[in-house]
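Two complexes are shown next, each including chain A; its partner changes from chain B in the first to chain C in the second.
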Partner chain A sequence: MVSLIQNEITKIFLKKKMILIAILLIVLVGLFAYGEKYAYDKTISKFESSVSGASYDWKSLVNQQIEQLKGRVDSPYIPESAIQSINIQIEQLEYFVSHDLNPITPSTARFTVEFMEQSIILFLPLLIIILAADLISSEFSNRTIKLLLTRAVPRWKVLLSKYLALVMMTTMVILLIGIISGGVSRLFFGVWGFDEPIATGFKYIGGTLNSDSVIRITRLEYMFLVYALGWFVSIAIASITFMISALVRSTATAIGIIMASLIGGQFLQFFLSDWGIVKYFFVSNLNLIKYLTGSFQPIEGMSLVFSVLVLSVWSVVSLVISFFVFSKQDVLV
Partner chain B sequence: MNKKILWLILFVFSIVIAVGFIIGIVTTIHITTSTQNGEMTKSNIETSIEKTNSVFKSADNLNILVIGDSIGAGVGDETSMGLGKGYALKLNDNSKSTEVINLSVPGAKTEDLLAVIQNTETDAFLIQSHMVMISIGGNDIKSLLDNEASTLSIDYEELLTQYLSDLKVILNAIKAKNADTQIVFIGLYNPYGDKVDMEKIELLLNMNYKTSLLVDSYSSSVYIPTYDLFKYHLDAYLTIDDFHPNAAGYSAIVDRIISVVLSDEMRQ
Partner chain C sequence: MSRVLKVNNVTKYIEKKEIIKGISFNIEEGEILGFLGPNGAGKSTTLRMIVGLSKPSSGTIEICGASISTQYIKAMENVGCLIEGPDLYNFATGMKNLEMLSAMSKNISKEDILEVVRLVGLENRINDKVSTYSMGMRQRLGLAQALIHKPKLLILDEPTNGFDPQGIFEFREIIKDLVRHKNISVLISSHLISEIQLMCDKVSIINDGLIIKNAKVSDLLSSGTIYWVLDDPLKGQTLLKEKYKADLKIENNELMGNIDLEKIEEMNKYLIDEGIKLKYVGIKSLTLEELFLNLTEHHHIT
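Our next item is the complex of A and B:
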């Protein structure tokens, strides 16, 4: 079994897909990081010219903000749920002051999280599709399926080794995204910022944002959580693409179908958000990270648990279908 | 051989990371569904409310209740008197002792004030008060003035509707609990001077106008404009944060309140 997986990994590497993905990532991350740095520099210089040459005195502004927030905490009539999140805000601002960091400075940790947040709905699935779409269908179009199936291993083992290889490579892609966006943005920003405290754990209860259970974590921990969610989404996309690749025999068709459902799904969510059934479509549940920041409820009744469950069901059903089809179908090559 | 080791590293590595990610997912689910912290903060707040739960000492005094945002709380006032105490001091009425209780929350928006009013703890203060000073609305419109939004007018309409309906509920609640109390509503001034465009100032003035219409529809209620007071005196009346009034600014507002309200009281 292990040697079968090794065989599949070797095939993926031979197709030089990881290199393609790495190049795509470096180009995109480089562009974004440069853009962010440029925008930041421009803001600062604009501000400095507006106060006629004086340097941007953010520290007194931040200190003032801290004082105001402290005043709010001390007041007995502060709305019930807000104290915890205000305390974290104060801690965050104090972090900026003690590290001599302007709060709007782009940091590596922040960029790495933002990149995942932005790419999770389309770019990340795209990378996974590059990996997964031709996994089975190319065996048919290259006629190598004969060689594969004439070996003395059952068909389900062949398919399982392909899937496990895909899961491994997906994990590597997520790691690659983290390393590349961290490394490249560090070159541009020069600030790590991994220990900055932030607040998470907001919830929507009855249509209003509830901050009762807000907790304080560092950027690094938050980054880990965000990438874990990205990984989960990638596995789900990989499983679905895997099924499509097993169903159709042309790679181009497989890519076409999965891309159409991804983009079509975004439209569906946009136009038909009142229609309850849309929330059971996998594309509507891709943006898991938004649940962490509490700014998200695309359709009434959706939560992180709900989305994770929906994606799990889609993944499992996809796998069942692909195993069923692959072991039953006639191979006429 | 070399290839085999590389492969083994890749294999073990990806399994370890995958397990790590699974732990991460479980953690995020735990974070977004847990309620432990919530209970903790709730009990904190209950005790802090009890601490200040002292009602006016006597109904015979002139009892002034100040509610609202940072202006009500007296943020920026070097003498830390704020509107209520400043008014009491200038009133200087020897026949009656004056007591001021301030329930203002810096940073409060209208919805926060609504929560304060609807809290049953506030009832006792309201019932015994002779005058309620309200300063609210500044934080509602502040974000609109600070940010450049293409949807400014739509956002503003939405905000104004919500603000007016909340304020109506607040004023109704005050009058329902104590019909005799005098409501003094402090209007908004423009702390930005000409740094903000005319379009936005118009929104502020419109909000003031709508507020005055609403406030004046209630019995023994008065709207105190402050926009004109501050217009030419921003340097003199604003504290170092260029947003809140300083002692002189508060004193100017108090003077205006006295000139509006006191003649009435003196005649009694």
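Our next item is the complex of A and C:
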């Protein structure tokens, strides 16, 4: 079994997929980090010019932001739904100021978390698809499946070795995202900021922000939490892609199907959130990290536990289907 | 001699169409069986069932006494195959391809791999990427893959596709050598009848999902047609018909027909005595090709 997994990992490396993923990450992380640095510098210069003479400190900047947000709430052109979310933002910022938590200054720790937050619904799944989409279908299109299935190894073992290799590689991608976004952003921001405290666990009850359940942890701990959720989402995406790869005969079709579900799913969630069934679609449940901010509920009735359960069910069902189809089918390529 | 492969009354339905209609054949140790049939006759489907790529709808297949449905692992340990061209990972070297494959079987040492590489004559290029290989080299690597775990039964589907004449010759010698020295049994399907004729002991002719003839190659070829070259073939035909009730026909001024070989001398003497000038008499042995066409010409894809 170990040697079978080794074979699969060798194939992934020989196809130079990890290099492709690393290059994609470096380019994107570099752009993001540069953009954030640029925006931060601009915010400071704007603040300094508006409060002439006063030197920059983050508390007064946050206070200024709170004032601006309050001004927007008073404006008659802002719709009711937006006012609620602005109110939450204001309350959160006020909480930060009163508890001496800096939400502004960019640091490596903050960026690393933010990058995962931003990429979890599309970019992270995309990287996993690069790994998983051709795992089985390419064996069919290259006909090498005949090599794997004419040896003295039962079919379920062949498939299990592929899945375990995929899980390992997925884990490696998550580590790679952490390392690359940490390393690149350190170059831009110059501060690690891992021991900075952060407040998480806000609850949104009856239209107001409830900070009773807020816990204060360091950014490092928060980062591990976020990356663990990222890993979980990746495994779910990997399992679903794995099934599609087992069901279709061509890699292009596999990529097409999974990309269409991902993008189509985002639209569904956006336009048809009233339709109850949408929340059981895996794409609607990818944004696990956003639940941590407390105010997030993409569709009525969804929560972190709900989404984790939905993704787990999708993963398990995908695996069952993959194993069933793979061990029963006639290979005619 | 022990039985290496036993195929018993196997049928296969694909999408409700009966592709294989109950075929049975055996291969004994050290035998080479040729599997001959037109396209779509069910050769590949049968071979795929033997190597475990698809499952028979009914009937049993045993390899070295182990049924492929109940003792899959034991059965597959004894089979090496090359089904419809070599299947290789183009992004890896030839060596890496073999190493990955050897990891799927037990107890294959580095020496075993090198030995099989020497056997197929790839030692100079084995560390190059497979994407740089010619068709013939890919086929050799495919053969190495089939042999790497020292199987007792080798299954080759159209193995000489893509070889030049030199390659075909070498390939044939490798196979014959394996049978002679390692006591491997071989099942070869081919549309090249000459290949089967040159390599096989037995032949199974398959058409439309049925085996229409199981026979030894030598037996099939020994039944021949006698032909005479005479100055007056018409008279000869009449004479032989009256005296021996021989059913002869005239083609290209030659008198020919299927005659009991023991009567030839007597017939020749009779013709000469009757005043016919006999120029030449001979046996046209049937090629496998003619036999094959005779047997299959009335079958069409339905």
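Some observations on this one:
Criterion: the second predicted complex is superposed on the first by the 272 of 333 C-alpha atoms of A that agree within 3 Å, B and C clash if a C-alpha of one lies under 4 Å from a C-alpha of the other, contacts with A are read in each partner's own complex, and residues count from 1 in each chain.
One rule holds for everything that comes next: a residue touches a chain if its C-beta (ideal position, glycine included) is under 8 Å from a C-beta of that chain, and two chains touch if they have at least 3 such contacts.
None of these values were measured; they are calculated from a predicted model.
By the document's definition of touching, of the two partners only chain B reaches A:172; chain C does not. Legend: residue contacts after superposition of the two complexes on their common chain; A:24 is shown touching neither chain B nor chain C. Touch criterion met: A:142 reaches chain C, while chain B stays clear of it. With both structures placed on the common chain, the touch criterion links A:15 to chain C but leaves chain B unconnected. Here chain B and chain C are compared by how many residues of chain A each touches, and B touches more.
Of the two partner chains, chain B and chain C are each touched by A:6. Contacts of A:325 after superposition: neither chain B nor chain C is touched. Where the contact sets of chain A with chain B and with chain C meet, they give residues 6. By the touch criterion stated above, chain A contacts chain B in their complex at residues 2, 5-6, 9, 64, 68-69, 71-72, 75-81, 83-84, 167-168, 171-172, 174-175, 200-201, 203, 210, 212-215, 224-225, 227-229, 231-232, 288, 291-292, 303-305, 308.
Residues 3-4, 6-7, 10-11, 14-15, 142-154, 330-332 of chain A touch chain C in their complex. Taken together, the chain B residues at the contact with chain A in this complex read 7, 10-11, 14-15, 17-18, 20-25, 27-29, 31-39, 41-42, 44-45, 48-49, 51-52, 70, 73, 75, 103-108, 112, 115-116, 119, 241.
On the side of chain C, the complex with chain A involves touching residues 14, 48, 51-55, 72-74, 76-77, 79, 81, 83-85, 87-92, 96, 100-101, 103-106, 145, 149.
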